[in-house]
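My questions will all concern the structure given below.
The letters A, B, C, D and E name the chains in turn, as written, and every chain counts its residues from 1.
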Amino acid sequence: MAGVPRAPMQPDIILEARSLGRDFNGFTAVDKVSLAVRKGDIHAIIGPNGAGKTTFFNLLTSFIKPSRGQVFLDGAEITGKSPAEIANLGMVRSFQISAVFGHLTVLQNVRIALQKRDGGAPNFWSANRLLERYNERALEILRLVRLDSAADRLAVEIAYGQKRALELATTIALEPRVILLDEPTQGMGHEDVEHIMALVKSFAAGRTVVMVEHNMKVVAGISDRITVLARGSELASGTYAEVSANEAVIEAYMGRKKHRSPN
Amino acid sequence: MELFGLPLPVVMGQIVVGLVNGSFYAILSLGLAVIFGMLNIVNFVHGAIYMLGALLAWLLLTKLGVSYWWSLLIVPLLIGAFGCVLERTMLRRLYQIDHVFGILLTLGLAYIIEGLARYWFGAAGMSFDAPEAFSGAYNLGFMRLPKYRVWVIVASLVVCFATWAMIEKTKLGAYLRASTENPAIARSFGINVSVLVTLTYGLGVALAGFAGVLAAPIYQVSPIMGHSLIIVVFAIVVIGGMGSILGSIITGLFLGLVEGLTRAYWPEASTVVIFVVMILVLILRPSGLFGKE
Amino acid sequence: MTSSPLALEVKHLQAWYGESHVLHGIDIEVRQGECVSLLGRNGAGRTSTLRAILGLTSQRSGEVRIHGRDVMSLPTHQIARLGVGYCPEERAIYASLSCEENLLLPPVLKPGGMSLDEIYDLFPNLKERRKSQGTRLSGGEQQMLAMARILRTGADILFLDEISEGLAPVIVEKLGQVIEALKQRGYTIVLVEQNFEFAADLADRLYVIEHGEVVSHLPAAEIASQQAALKELLGI
Amino acid sequence: QDAKAKISDGMVKIGVLTDINGPFMDNVGRGSIVATEIAVEEFGGKVLGYPIQVVSADHQNKADVGSARVREWLDRDKVDAVTELGSSAVALAAMKIAQEKNRISIVTGAGAVRISNEDCTPTNLHWVYDTYSLAKVGTQSIVKNGAKSWYYLTADYAFGHSLENDGKAFIEGAGGKVLGSSRYPFPGNDFSSYILKAQASKADAVAIATAGLDLQNAIKQGKEFGLVEGGQQAVAMLMSIVDVHGIGLKDSGGMLFAESFYWDLDESSRAFARKFFEKTKRMPTALQAGQYSATLQYLKAIEKAKSDDVADVMKAIKSMPINDAFAKNGKVREDGKMVHDMYLVRVKKPAESKSPWDYYTVLETVPGDKAFHPLAESKCSLVKK
Amino acid sequence: MNTQATEKKITVAVLLLALVLPVWLYPVLMAQLACMALFACSLNLLFGYAGLLSFGHAAFFGIAAYATGYMTKAWGFTPELALLGALLLVMLVAFCTGSLAIRRKGIYFSMITLALSQLVYFIIVAAPFSNNEDGYQGVPRGAFLGLLDLGNNYVLYYFVLAIVVLTWWGVHRVVNSPYGEVLKAIKDNEQRVTSLGYNVNRYKVLAFTLSAGVAAIAGGLKTLVFGLASLSDVHWHLSTDGVIMMILGGIGSLIAPVFGATILVLVHHLLSGEFDALVPVIMGVIFVACVLAFRGGVVQYLHTLVRLLTRRAP
């Protein structure tokens, strides 16, 4: 790859992966995936279980070091930067298994993110009353995900679906340019799924969302573009209509059953 | 012939005695590894139990005339039973709470056992003779090797590998690990976790007791003989890779050798060398020499 | 079907996690060979119902019978040995065991379980990744493994908690077929599901749980006629 | 009560700060407290008509714990003399505090030379032995008797180092040679590595410069590996009757070492030992006998000075010849060191031992002025030159 | 919220007791107690709030003990200067060792800290100035700012108390700072904190360094109190003692270490004489009883007690 001259990036491409890949002891989890995400899009990544979607996310955010390939964020190469640096550049992710801070309250969970936005150098000399100035904004965000009533509960105590919502809230609080969501609606009830869909959609205005999802309603409902991975490589990409008509995709992933879009 | 400034026979001798010490490390670290792997408790009473093994053997011999050979069988059984009682009555209550409480509890037990032993027997050593069959020594040409030490190597290797086979070659190992990681789900599969845990703890301390009996004829039997053992032995468990039974056995032997050779070349550093090895291993191979990543 | 004996009988089941009272009297009956689904919103107490039956909550009261046997005083592992297989919602794959070790872990409870080959036929992913460490599997693979694990043991009452979650639609489809097949074989199945369509296709009867109580109970045939009520209860 | 006597607070209080639960508890510990009590008892519990009280505490071999206790004793509890102080760090700390508070400290349990050398204080007495005398008595005449080359097995601690360094000087002075040494971290437990090295060195004598359980293990393992059978002489640099008792004559028989006391020495030592045995079911160690002796002489000095004032007592005690169950031809020097006869002993073989605790054959008696560090070489500021 | 109020009440009570207790209890002993409590507090800062259990804090305590002694005795520094010097030295060492240790988690972290402290022990045993097991003796207490003579036990005690309280307040501030909140988040889920853009390692190293600094102040004060530094100050036993005090007191409560230290230091001291030979057994029984009966440490029981008392009061 090294010798190939780099084509100038299209202006509206915010996130680009070039031949990104990773092997685990001889097993190729992600082969050579190239992906370009347009600014403002909701870009879904779907594919059979074990296709390498989560691993691909981990590669994009440097939680796993790629075996090959490069990642560009807004035209600048970010391959090899630390996960924290990447987050600071405006690309933030959520986790497939819910990740909240159990021993902090719901409100404090969000404040951790808000605090980060204001620098994030360890401030150990001021009292944490300083953080109260974030409360208002935090509550606002919690209201968006309908968690404001649980603001003072410890995060361990809330139900699973609520935890996922909280995780989303924390991610949103950072106001990232690009947000990577790994199965954001997993484990949620129908109402919540729809709510999260709406939330992601409203959030995506002016930003970019990349998400992994198995719930076809969600994928069909809100994604602008879809990339299908299978066995670590790209199988197809396009709009929902294009992809869902693709024989290979139906075979490998969607199955013959009809998936109704909620709208 | 010299090897880095020491006569070759001396170096070979060091390897042999290093192996003997390594055998002790192997049994002790094996017991500790089993307990840590299973109950997630750093068993700080391990040294005290080892001492108890030696002391019981001594008591059985001097007070009741029970021979070494019988002690080798009886003492681990007694101590294993004692371990089961400890687990049932005390350790059991810890699984719900933070595991650092295990440190406090087992340290407390060590204080009690050692304290009482010291109260009754003082700190000075007591002598325990090697059994008839193993008194005397083989002449290897480059050194005199006491027969008893050969027996120690053989006995500990047999016990270690028997334990290893029992755990790894049967489904026991998988049950044990599953029960540690998520006891609730293991139960839901029909595994009797609580009996398993009790027996494992019993086995772990029985191994320490066995090591104690093995040690009695070599070291002076004293209430303080196991006092500082725990950190070295636990370091070995960590170097070997926690959760790896085979790792703790091989690392035990290996570090016995390393320590022996350090004693030959730079005795002052012979205790710290294990910790240096540990730092290096943990930095280069985070999960230990034999640990799974 | 109604003539077959009760496999599971739950009366006034209450349960607590520490201080918090999460089940307030659940009544459920499942006959042998039936597939019953528990529906409800997040946090309604469906998972807790399964856990309480197995004795995995910190405290419980009421009455639970499995194959007619009162199990309130039995420890979890003995309840399991009556032939209950539990596939938990958090998957609980053992990190310290490989995929295959995870699969082989649960002791065989009764004859009649699936063989390893049958299971690998069902979930080819698992065969491919069988040497991998349990938690290195992808989310969906872990889900398959959790399900596969209890098919081997011959358990004839299966508690399946959100098994379709996080799986590709093709796999979900296939899972549906598997459950059909299991029903054919005479397994008794309790299905906790978020995915209503999936559950509705498979279940003979539905229980709707809310705030730790059964608020509605209807046979599959009535689903269509009860759409409005279900919509109210589940927000579909 | 003696009306003219000046006894502060109306009583004499002796504090025994010792190792009650640690590795040296059998050499000192309870036994040292008992020995103190025997001395007090022999005095009738009163000196000059004033009651004598003994208090005790455990220093846990920690200098800070020991020093907190000493301070409290001297500041609050009206203790007149702190004794035993059986670990050099505790002893050095206690001496300083005693000097600062102008009370007496009597070190019977620690053997660092510096206690009565560069760190000497005017209020301190150093009673039983020091590493210098042990090294000297334990090597010199053995070299003269033919053991010309030596190998050292030394605890890597200050006391080990001084035993080795001093011993080396005497060995070389007597025409011998030190071929090498292994300085091992204290405490150790397996000594076979070092024994192999000692054997390979082919030295005539192997000196073991450590104490307690380590010493016992080294001797026992030396026997196991045939150190003595191979024709080498094992010499302990610091050994006590507790160690011999613990190892047993079978393994320790034939060992040579320097002692400062043996219970079966003469009538007075036997009398003390009998009393001690009745209370403890063991024979006294040199340190315990020394503790008895120190207490006794301290009380005698008070009697003689008719005061428990520190300067008076120190003056009195330095002017008295000291002869009791422990000390023969003893005398306290300017630097506070009590010099007395030392002995080179050999441990009996099992066949030679006629009765329980019949353990030593005394080979040689070395008079105090030959055994201890000469004043002429002293670095103690109290020694006028 | 309620627990915070109770904690405050307990803290005030402890402080009052600390002010008046020297009337009955020997001030040097009290000073020792204060040092030990501070030491336990340093471990609690690290474990209770950052989830890092150190088995090697004796190294920091010990380095500071020797450094303070050396600077006071050999260089004639005043106490506060020596303390500051020791603090800086220890924080430097802790920064280096911490950067190494925090690369591993859980028990591995603990073992690396243990190993590093064994190295420090080895170095100090070998160092010529340490005088080996004789200890570094005869350190003068000196005068605070060259003015206030610390020779008097009471002056010394209140000096120690003042510094301990000040340091304690510092710890309190760190724990209740924005930084402290992130620390708690790290303890819960490190990966997630990283994904939010925090440099987690930096936070952990800082926690380690700050905690070592607290241990250093404890060690330095101890040298001033006793006028000596000895090998037991660097021995791993001290590290485990610290862990014991922390757990006995109650993890994650700032005032708890005081109770842990009280049990360890005072029980030992008060039980001497008759019970000397059984003290270790009694201690063991206390540990076991504590684990079996007071799982949250002594402080949790105090909380209940305070609540009961204040409920009855009105």
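Miscellaneous remarks
Keep in mind that, in the parts below, a residue touches a chain if its C-beta (ideal position, glycine included) is under 8 Å from a C-beta of that chain, and two chains touch if they have at least 3 such contacts.
Composition by chain, UniProt nomenclature: A, C = ABC transporter ATP-binding protein; B, E = Branched-chain amino acid ABC transporter permease.
The shown structure was predicted, so the numbers you read here are calculated from the model rather than taken from an experiment.
With chains reduced to the mean position of their C-alpha atoms, the one farthest from chain E is C. Relative to the C-alpha centre of chain A, the farthest chain centre belongs to D.
If you average the CA atoms of chain C and of chain D, the two centres end up 76 Å from each other. Centre-to-centre, using mean CA coordinates, chain B is 44 Å away from chain C. The geometric centre of chain C is 51 Å away from that of chain E, both derived from CA atoms.
Annotation for chain B: residues 115, 118, 268-269, 271-272 touch two or more other chains.
Residue numbers of chain D whose C-beta contacts span two or more other chains: 21, 156, 185.
Pairs of chains that satisfy the touch definition comprise A-C, A-E, B-C, B-D, B-E, D-E.
Residues of chain C touching chain A in their complex: 41-43, 89, 125, 129, 132, 136-141, 143-144, 162, 165-173, 194, 196, 234-236. Within the complex, the chain C residues that touch chain B are 54, 56, 75-78, 80-81, 84-86, 88, 92, 94-97, 101, 104-107, 109, 133, 149-150, 153.
Residues of chain A that touch chain E in their complex: 61, 63, 82-88, 92-95, 99-104, 108-109, 111-113, 115-116, 120, 122-128, 130-131, 167, 170-171, 174. Only residues 24, 27, 46-55, 96-97, 159-162, 183, 186-192, 214, 216, 251-257, 259 of chain A touch chain C when the two sit together in their complex.
Residues 20-21, 30, 55-58, 60-65, 67-69, 71-72, 75-76, 87-89, 92-93, 96, 112, 114, 119, 156-159, 161, 185 of chain D are the ones that touch chain E when the two sit in their complex.
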